[in-house]
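Here come two complexes built around subunit A, the first alongside subunit B, the second alongside subunit C.
For the complex of A and B:
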């Protein structure tokens, strides 16, 4: 897991401060500063001079994010002169930084080179700043069609892309793209719902990745054979079902909220596409757990010892994934 | 104390005492000419009331007494017959449940409560037929339960038709049913025909011989198959004067004849006895259709006693020759098993109508009454022929099993040292000998007036002796290709396979539905449904995924360049 070396802590702190700077800025220029700070402090976290794959991944990440930031700073100066074009450019560049389709091409290749800790950061914290910035733009007229385009194509590409994968990292990439589509649509309707979705998505994907990280499995046939006792298998299965949005688990709650909002705003066709695509993503989550929950054999092929942090996090994961359905009642109180 | 191991003793004591008690009650109610009806109303639907009715008149008491007597001996007998079996206690509980269902049927004059006994009989007989869990028993059980199910449907439909009458106690409505209730009578007759295995539905009775011998002795000789005759006896007041009677007469005479003919060509011991049961059932239903219900009841009781005895002796024989049921492999059993041979001869001769044994009183009376009434010549000939055929196959059986030279294997131990089986058989043989005269004197205080010409009077005796001679001598042949049965094999096949009814009932009936179900399954469920459903959808998704993967198979530089150039172009367009 996280090895507590000093430079990593510094870079983590500056990563977070960059994101917060971008979120709480009042002009595009300070937003750009925050995004650049975020980018610059993420690169040392993922690059390593020993392996070729992580260094290649970090290079690709840097190039793509730098392109996005360049387009943002270009368009932010043009906002006074041609608002239509520049706001579309800003939203497109932010979609590029997020990894939403149709600009998602860098995302699988970058994820393939990282280890699980870096993946958690890439999937959750790195999405924070661009999403908030897009939400500031979502009330504008010119960005609606971009967000629509991004949402629908993310849904379809997230679903179709993940089916044919065996690498767990790529599966999580496409799942991230698919969840982005829900968030983009939520942004068009109601600001609160996408924040809820983002929070739940962060917690659930963190719990999923923490299980994979504890057993150090990177490919999907290996994920099943790492445990003898049924309890870790059950908990990891529940994590994945919650990520897929299966009803008694907490991943269903944000999808439910967004579905209801979309029906009330008459977004029927996009909702249909979103629901079908999340069905397909649910299929490939369940496929990961299928062998582990149906084969009962005491002779497993892999014997990996559990990392100590796993034991601490499994009650946390369970509570995240099981009690999410109580959130609407909390919202009523608020 | 292990109840399972002693259940035969318990049932013997309990059932025997109940039987004696019931027979006593029947005598009492017969002498006092009284019957008790106990009713309990469940609910009433505007004008019809659903009640649970129990009737206690001499008919039900007597029938109950005889049934409990037979079942007590059969259960004691099965203490030895099924003694080595693993699920012996299950068997005993099932037989006891069967007896209870039969009791429920006997004492209910209400169509809804008779359904309880009727369905219970069908269900428990199915479970008993499939008791030995092999494929033959499975097929036999399926044939039994599905044939009986047709009768259940008949009763259910007649229950719904009884709404016209305002109640379901058919015993009180006999005089009201003449006239336009033809459908009701037809349905009840169909139900009785399936239960008593008359001609369209007679395939199940020989097939049900896959059950253990005590089951055959109790179920297929005296209780299950007589349920149909019993319901017709209770309905007999309603059936008189309707055209249903003529149909029943023809059908039962044909059954009588076909079964008698088929038993002459059969080589399986249990199937011969099953076909003889079928023939006697035809006799019962035919005399009932002529309007003499009490004669049918009389023959029912005597037949139950000696047929159960016959089955039990057959069971003893089969046990001794190491479970081989083919009579070609038996012979000269009279020297090895004297007591069994005595009981078996008693049962056989009672079946033939040997004077002053049980069968004589009932069967001879039936024949004379039938000859006296106005029957058509076809039924008359069938009566005469079937009587002769009955004696024919009986003597054939005696020849093959008991009096011929031994056809068993070279080293054989044949003994009858099972005391419980012997005691059961001897108890029933008392009934087989004395029940005819006792019942005749008790049930018919004034006899039927018989006035026949001399040829008709001695016709029965003549035909019987001719049949005996034929049945004994004709079978003293060896098998060779000059045998007429081998030369005209197709006719032999027709006669011995019960006029092809088993094949018609099992193969041809579901053929169309099974073939259409197969085509629905292969073309629909595994074909187009998959194409438009699971597998087709999966194929489409996979195609999309492959297309996506191919389109992403480029260097990042390509995409970045494309994005950047496009931005520049749009920028310059709008500047």
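For the complex of A and C:
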């Protein structure tokens, strides 16, 4: 699945270095340079001039991210002159780069044109730099209401948008938007909790996507026929339950931490909206797993070995998804 | 907090004109890339006028220009990729991915 051709390794390294440059910068100018480096290294990974679908997806991604970068560099120049408008514009541009609602409209279309390995990068690494930059802004007075608005609308749109989807990539897009809402609210309260949420979300979504990538299922009916033995089906359903935040799995832990923080800060109404929206997202994850478990597919007479992604194999997936509930006990020891 | 003079206000207006052109409904993709370059040109103007008054030298705007030129080249290469796969750069042809 991941073919480590040389140009992909180079672009992946510069992608990561751009993200780290943006995260560890002391000024908005170097953060902008990191974001530009990130964008310029990601575009060759997703574009292809042979098909219409990847070229159109890469074009849409480029245009949206270039607009966001232009707003960031403009607003960072003007922070001395009109501080409140420029800080609001920077946070809006970073929400645009993340794909958080109400600026999420490019996200399903771009995800639809990518394959699974590119989707892992878009869902996890491309969220790193803008999230950290928003967290540097989250203590400012002018950006607080924008993050609040982004969080609530991301939760609602992520929940309601994924109901009528049959494409697994779009379902994961709306799930990503919904998880972004939890992270945006966590940023307003406690910076450690959103880092924990981001790490857990990265691992869990990578395990979900790696299972889909190993069987090359891109649409909802493919997940029924994809597996020829019951064990991968059980593992994929556990991955999806963990993504939805069901309690015995490890996806519940970061939501639990953020719920507790929000109750202590008395954010009751946003917490209510976030919990209801994550319930709706859990519904459409379970809908995927129900079909694949309960409908019997054709069993092959001979054992074709599944080829999972070499990074994430089945034992690693189950350990990620089952043992996350032990994390609070580690926090007791520290 | 400093004062935005008449030159900064004019350049800021030009930036917003560029944003307006970027989000407008064009027929060709090349117009959108052109408006992106126009935005960056005016941001270059704002930066070169106001970084000196803050205390920085004129070299920082060169870094900005390097990244903007790279971004413009990337946009043009995406245009070439679009023309190779679709045959033209009309925006009405980008309808495959819309759900």
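The criterion applied here is as follows: the second predicted complex is superposed on the first by the 319 of 334 C-alpha atoms of A that agree within 3 Å, B and C clash if a C-alpha of one lies under 4 Å from a C-alpha of the other, contacts with A are read in each partner's own complex, and residues count from 1 in each chain.
Keep in mind that, in the parts below, a residue touches a chain if its C-beta (ideal position, glycine included) is under 8 Å from a C-beta of that chain, and two chains touch if they have at least 3 such contacts.
Worth saying up front: this structure is predicted, and the values here are computed from it rather than measured.
In the superposition on chain A, contact of A:96 is made with subunit B only, not with subunit C.
Once the two complexes are laid over each other on the shared chain, residue contacts for A:160 go to subunit B alone; subunit C is not touched. Of the two partner chains, neither subunit B nor subunit C is touched by A:326.
After overlaying the two complexes on the shared chain, residue contacts for A:85 are found with subunit B alone; subunit C is out of touch.
Once the two complexes are overlaid on the shared chain, A:9 sits clear of subunit B and of subunit C alike. Once the two complexes are laid over each other on the shared chain, residue contacts for A:108 go to subunit B and to subunit C alike. Put simply, more of the residues of subunit A are touched by C, taking subunit B and subunit C as the two choices. Contacts of A:50 after superposition: subunit C is touched, whereas subunit B is not reached. Once the two complexes are laid over each other on the shared chain, residue contacts for A:60 go to subunit B and to subunit C alike. Applying the stated touch rule to the two superposed structures, the overlap between the subunit B and subunit C interfaces on subunit A comprises residues 60, 63, 67, 82, 108-109. Residue ranges of subunit B in contact with subunit A, taken from their complex: 541-542, 544-546, 548-549, 552, 554, 556, 559-560, 563-564, 567, 570-571, 574-575.
Note for the complex: subunit A touches subunit B at residues 60, 63-64, 67, 71, 82, 84-85, 89, 92, 96, 103, 105-106, 108-109, 156-157, 159-161, 163-164, 280. If you check the complex, the residues on subunit C that touch subunit A are 1-4, 8, 12, 15, 19, 22-23, 29, 32, 36, 39-40, 43, 46-47, 50-51, 54, 60, 63-64, 67, 70-71, 74-75, 78, 80-82, 84-86, 94, 96-99. Those residues of subunit A that touch subunit C in the complex are listed here as 29, 32-33, 36, 39-40, 43, 47-53, 55-60, 62-63, 66-67, 69-70, 73-74, 77-78, 80-83, 108-110, 112-113, 165, 167, 170.
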